[in-house]
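Structures follow.
Both complexes shown next keep chain A, but they swap its partner, so chain B is in the first and chain C is in the second.
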Partner chain A sequence: MNKYLLLPALLVFNLYALSPTSVGVLTKIIQTVEYKAVETENWGNAKLGSVVYDGDEVRTGSRSLALLKFLDNSLIRVRENSIVTIYGSKEDNKLNKNTFIERGRVGFEITDQGDDEFKFTTPTGVASIRGTKGFFEVPLDGSMLIFVKEGIVDIESLIGTKASGSVGAGKFAKIDLSGELVIEDAGSEYENQFQAMEKETVKKIRIKLNNGEEFLLEYLD
Partner chain B sequence: MIKERSFPWYFSLFITFALITFAQPSDVISRIEIKQAISNQPIEIRADLFNASEINSVFIAFKTFGETEFTRREMEIRSSAAFGVIPAEFAVPPSIEYYLLISMLDGELRTYPFGSPDQTPPERISISERTEFDDGVLILTPSPGEKVAQDELLITLSFINAKDDIHIKSTKLFLGFEDITEYALFAEDLIIFSGFNYPEKISMREQLIKIEIYDSLGNLKNTKTRSYTLVSSSYLLAMEDQFNYNIDLKGETRNENFNDESTWYNNIDARFKGNYNDLKVDAKIYATSEEKNYRQPQNRYSAKISTDWFDLSFGDSYPTYPELILSGKRVRGFDAGIYLGFFSLQASYGEITREIEGSLLQTYPVDSTSALLQSDVIEIDQSKYGQPFGRVALGEYSRNLLAIRPSFNAGETFQFGLTLLKSGDDKSSIEFGKKPKENLVLGTDLRLRFDNSRIEIKGEAAMSFQNSDISTGTLSDAQIDTVFGGNGPIDIDPDIVKNFKSIFGKFMDINQFFGPWNPEELSSLAAEASLGLNYFNNNIRAKYIYRGNDYTSFGQSFLRTDVAGFNIVDRIRMLNNKVFLSLGYERLQDNLQETKNATTTFQTINSSISIYPGEGIPNFTLGFARYDNSNDLSITDSTYLFSAIDDGTNKFYAQISHNFIWEIPHKANLYLSTSKRDDNSLRQNNTSNFSFSFNLRSEWNNYFTTHSGVTYYTSESAALPYEYSTVYFGVGLLLLENKLDLTATVSPSFGDFERQALDLVANYKVIDNFSLSLQLRLYRIPDVSTNSIIGLITRYSL
Partner chain C sequence: MKKILFLLFISAKLIFVSAQPYQINLQVSSFSEGDFAPFIFSNDLSGAPRIFAVTISPEQGEVKVRGEIYWKKDADSGFDWLLTFRTRVFQARSFFNTDLGNTIQLGRGETNSSLIDENRRRGRPSGEYRLDIYLLDANDQQLAFDSKTYEFSNPAQTLSIILPQPGSIENIGGVHAEWTELNGIQYYEIKANVRESAAQSLEDALDSGSPVIDNVPVGVLNSIDLRTILSREWTPGQEIVFRVAALLVGGTPSDMIESNIVNFYLDDPANPFQEETTENINQLLQSLYDGLGSNLLDRLLSGNLQITDISWEETGLNLSPQEIQDLLNYLRQHPDNILNIEQD
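Our next item is the complex of A and B:
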């Protein structure tokens, strides 16, 4: 008798254990943004308000942008031609987050993390963030660049010498394919790139066909 | 739009309400209103004036916990009130003290509270660390005030940091009064509402979202609101590429009846704000019938354009330079800045005092020696007035100011600046004036921050030179040889004077009234250095200050001089930011250049503990301060009756505030303060005072609120024992579909300060962007007079 009672309870428990952790929401989508849930193989068009779960991937096309808000109100801007995977694990009320940037450019505005953890990982390095602004860039060769606008970021190379350091406001760091870490003062060029990164200006073209049909083409300025 | 009243609204109102002071006895200030007092946010203060036409200017003086020195900022007089802002960097828990300095038209200087800060304790504002997000629920989107495209409406709430007793699935979501919960998606710690899923058409206008948060027992725990504006996609697109602007116009006509004298006032206030991409334009004009040529300007006008890397303003501005040199001073002219990252340049030029012509009262012949010794007798144009000297009502010279500050920056880590300030009176601006002056200040400042700004080192130094009478101009070398040195009346080497002339003669007149001649003795130096450390929940700041007795900057009228010493303050956060302990000690001494017959030591010990235990339990603040002032002159020797100092003051205060629901939501606030000063000198100027106030605000429903309270104040001193109490009761009503907002308050005072006050305000929104406001205030002073203010205000926005 007891085992019959236990069965549905176990089923509920297993379903709960299997349900992935929600990490954030896509709050803005411009042009081509695709989304792949962790348990699927296929990419589909992302929709405004899609919940992003642990392990889900987001990729953007040309002149496209995805804006992802995490549950703690942190924000990342996935700029054009980028691919990121979002990871999150929950312990009590803490949400530890890790964004893997496979390629492209990602801006970040991370709220004060308290005891939580917020990491960015790239093929060559990992950065631990507590509450700051800036952007990452991962070019096609897999090297990593970070510019810090506010606050401080601890950074570590995952290959080679596994060098580590802290990147303060107004500085940029680069980890190349050999794992070498360079931290330098950022010039106005990076400031300008950061400002451009924050912009979400959209151009829209209304196209009217001969048959009277209309559609709107929207792309990132 | 229906105006809803929810918890954050109550909270903000409560803060406003809690900080409304029904004035201490004053014939100048009728009421003080403080909009909010939250850590690191500017604190806006409004002081209602009994009779604005008698007031020349109003300054607010304030200091943070542990500081002895007050910082001053000029308030802007508009209509029948003075408006001021305490900058965000001064809004530091646990509290800030302030008083008002009121300069009357007849030259008299008054303070509010009366006798503050020496005889009466200044007012105290508790600074709250708390925010509206106590329950941990976050509204991720939309952002406050955001313009959202109709096809992109997304309301998202995060419960990741919500308190354990909050039941997510019981949450209710409202759009205005409409319950939209059934259209929201509940996904673990997220609630998402998308405009796509809502079957009704949502109007394109300003909207209010309301969120009701419940516990697992179904009790309402909190209510949050967020306003945003829904617009069409094409509008949003157009906005990004076009010049956007808004205009606010306000006109007021007001009659004031004081002591049977009736006066009409009229004023208009126009504000324009616009932006095109990164370019912002900001302009305002305030014109009042109070603008008179016999007082300093009451009209205000300014226009400013700015981008991320430069700004330029014309008209009235309050430029901010290093505190020792120029701060809180109105400058009518130009203010400009260029910000290139590593290098910034700021420059300001304009008039800080407008000329006010004096008048000739009586003329004197050259042989009227007794008259010529009087301070208000000056040389006049004999060909015009028949005599060479005249007794005059002295006028004020026009005074201009130029300030320049280049600075070098490296992000948040490093900033180094150099400042030059030159200011002087225009001798030709008036006919009946005396001793026009000039001032030159050279300064430098440095700021270093390390370890994510947890370590901050700041330093600032300035040296001033002043000429206290430039009416005779610069002396020639021959005149210098005559006036200075062994042959002249002033025993200073003429070569030193000539040296000064060669260096400073380009900037100011050099004559016998120039000083200091010996800057190496640091009499005109002002400097301060501080170290701040923010570790292990301790925020420690140690500061050293030095102010020579001759230091003068025309850009900073109220700096305390002839004082040096240090202070150290520690603010400690404990128990997950539920307890804040603040401790401070300061020791200052005067007589730096031995210009007094004794050196006085000023010591202050400050302590305070604030406890925010959490929901359902009142918040407490307890504070104690001890002030000791003494010099080494004998307190028993009558020779030193007026100069011997030996006094000590103990001050205690306590504040309890509690938000609770008893049938309906209430906000209660209790404040107690007592101080006792023991003067051991022969003057025996002992004083003591006690004050008590209690406020209660009750929200009966969305349309009806009441507020009530009582204040009691008593002080004892040899000169003036004083006691009074005030009770007040007020109601707030929303009528006619929330278009009519009525408030009425009665507040009679008893005791040594007898007065009955009635305030009635009616705001009527005719259409969305046009409203009328009628204000009636009656003040009856038994057996003396009944005074009134009646005003009508129209507001229009475009």
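Our next item is the complex of A and C:
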């Protein structure tokens, strides 16, 4: 009798195990944000509240923004003209996350990871994060820049000398195409950029001209 | 015998006249709120235009009239007594309300002062008014009665400032102020003051220190150049708060209707806001790498167009000069945070 009761439970368990790992949810979409599920070839318009699974991709158009909230409440802000791939893998009770930034700018607010792992990877480097804030920038040439606002990030070059180091709060690190790693104090310019990246509320102002024409300006605040 | 017959004839006629039943017909004229306001607010029966007419027939004998006005303020309330007027004895004839107190002498009357005040506070006649007219003989015995009800469907009037618009930039040399016109007004009164900081509420700013316009009566016109009634000079860059109050006919200063308080800013003629803002937005648009806002830029570069107002889309309120400056600084620093600029 007991084994008949167990059958449905086992079936549900197996289906759960077969389904892809959900990693996060798109909590904000501003202007052009596209999404590609790992098992498909085509990009489609992203929808607010879409669940992002292991291997899914998100890309943003000009002057666009996507906010992705992970299951552990970590947050990334995918700014304009960016492409990211979100990976998540379960290992025992841990959910290890890796965000591959192909290009663009991505702000991050990562919660304390405990035993979990949260990594960012770019064409030239990889960064391990354990609860911190900052942003990445990956220009078209594939080099990598990271600014750390709070906490510490361990960074490692994936090419050339495969240099590594730790980037503390108020510093920025750059890995160029040869794999060289430079860590320096960040100036107010990076601080300003970080503050600007945190803005996610859309505001509108109406501009009136003396010929009666009117224009709407939308911005993030 | 002739004398007896004559006396009988006269007596019969007198009996016939006194026995003939009187009829009274009350007609309420077509009138405006403005006509009715002084009638109801100040109990000025003769001072108001023709509001009602009373036809009495036959126009024979001596009669008196008692009139009672009742007010139903809204659908949920009943008719409450507002006022009573009484004439002295007069030779029966038809009359208008304008005759009362003139050709027909008025006697003792009473009013419900709290309801009259409530009417006055509303600023204009509102709700339903019922006029009961009693035709009486010299001994106050009722001879006839008629009643009419008149309904005002309009809500209580409010006093609102039309110009300047909240947060607008005004030329220090002349600030055109305009407000909604009320009925039954004795005069409007203006108060304006300098707002020293954004932390100060508009009301506190208006009531603090020495006002730049200190409750100056401006008659019954609903517009004025504020510059012409300044108590003391104002200076460029100042934020001014401004309010209008209206004294209704028959009212007292304690129950004046007050407008909303509006704030505006004084422009510096040496550094006009419009030119400066237009130039700043020009520069901002030219710095955008992707040509966003090129439509607007083209207009501004044409040379003869300027920005007159910048307002928050959500509230419709104009941005203050400081807010515009702060916003432009922010957008110059973070042009990537501009999402879109398009003609609307």
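Basically, the second predicted complex is superposed on the first by the 182 of 221 C-alpha atoms of A that agree within 3 Å, B and C clash if a C-alpha of one lies under 4 Å from a C-alpha of the other, contacts with A are read in each partner's own complex, and residues count from 1 in each chain.
Convention: a contact is a pair of C-beta atoms (placed from the backbone, for glycine too) under 8 Å apart; a residue touches a chain by one contact, two chains touch by 3 or more.
Model, not experiment: these values are computed from the prediction.
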Chain B versus chain C as contact partner of A:208, first or second or both or neither: second
Which of chain B and chain C A:51 touches, first, second, both or neither: first
Touching partner for A:95 - first (chain B), second (chain C), both, neither: first
First, second, both or neither for A:79, with chain B first and chain C second: second
Interface residues of chain A shared between complexes with chain B and chain C: 202, 204
Complex contact set, residues of chain A against chain B: 19, 21-22, 25, 27-28, 48-49, 51, 69, 71-73, 90, 93, 95, 150-152, 168-171, 185, 188, 191, 195, 201-202, 204
In the complex with chain A, residue positions of chain C that touch it: 274, 281, 290, 292-293, 295-296, 299, 305-314, 319, 327, 330-331, 333-334, 336-344
Contact set on chain A toward chain C in their complex: 30-31, 62-64, 79-80, 192-193, 196, 199, 202-211, 213-221
Of all residues in chain B, those that touch chain A in their complex: 136, 138, 140-141, 152, 154, 156, 158, 160-162, 185, 187-190, 192, 194, 196, 233, 237, 240, 308, 340-341, 410-413, 451-452
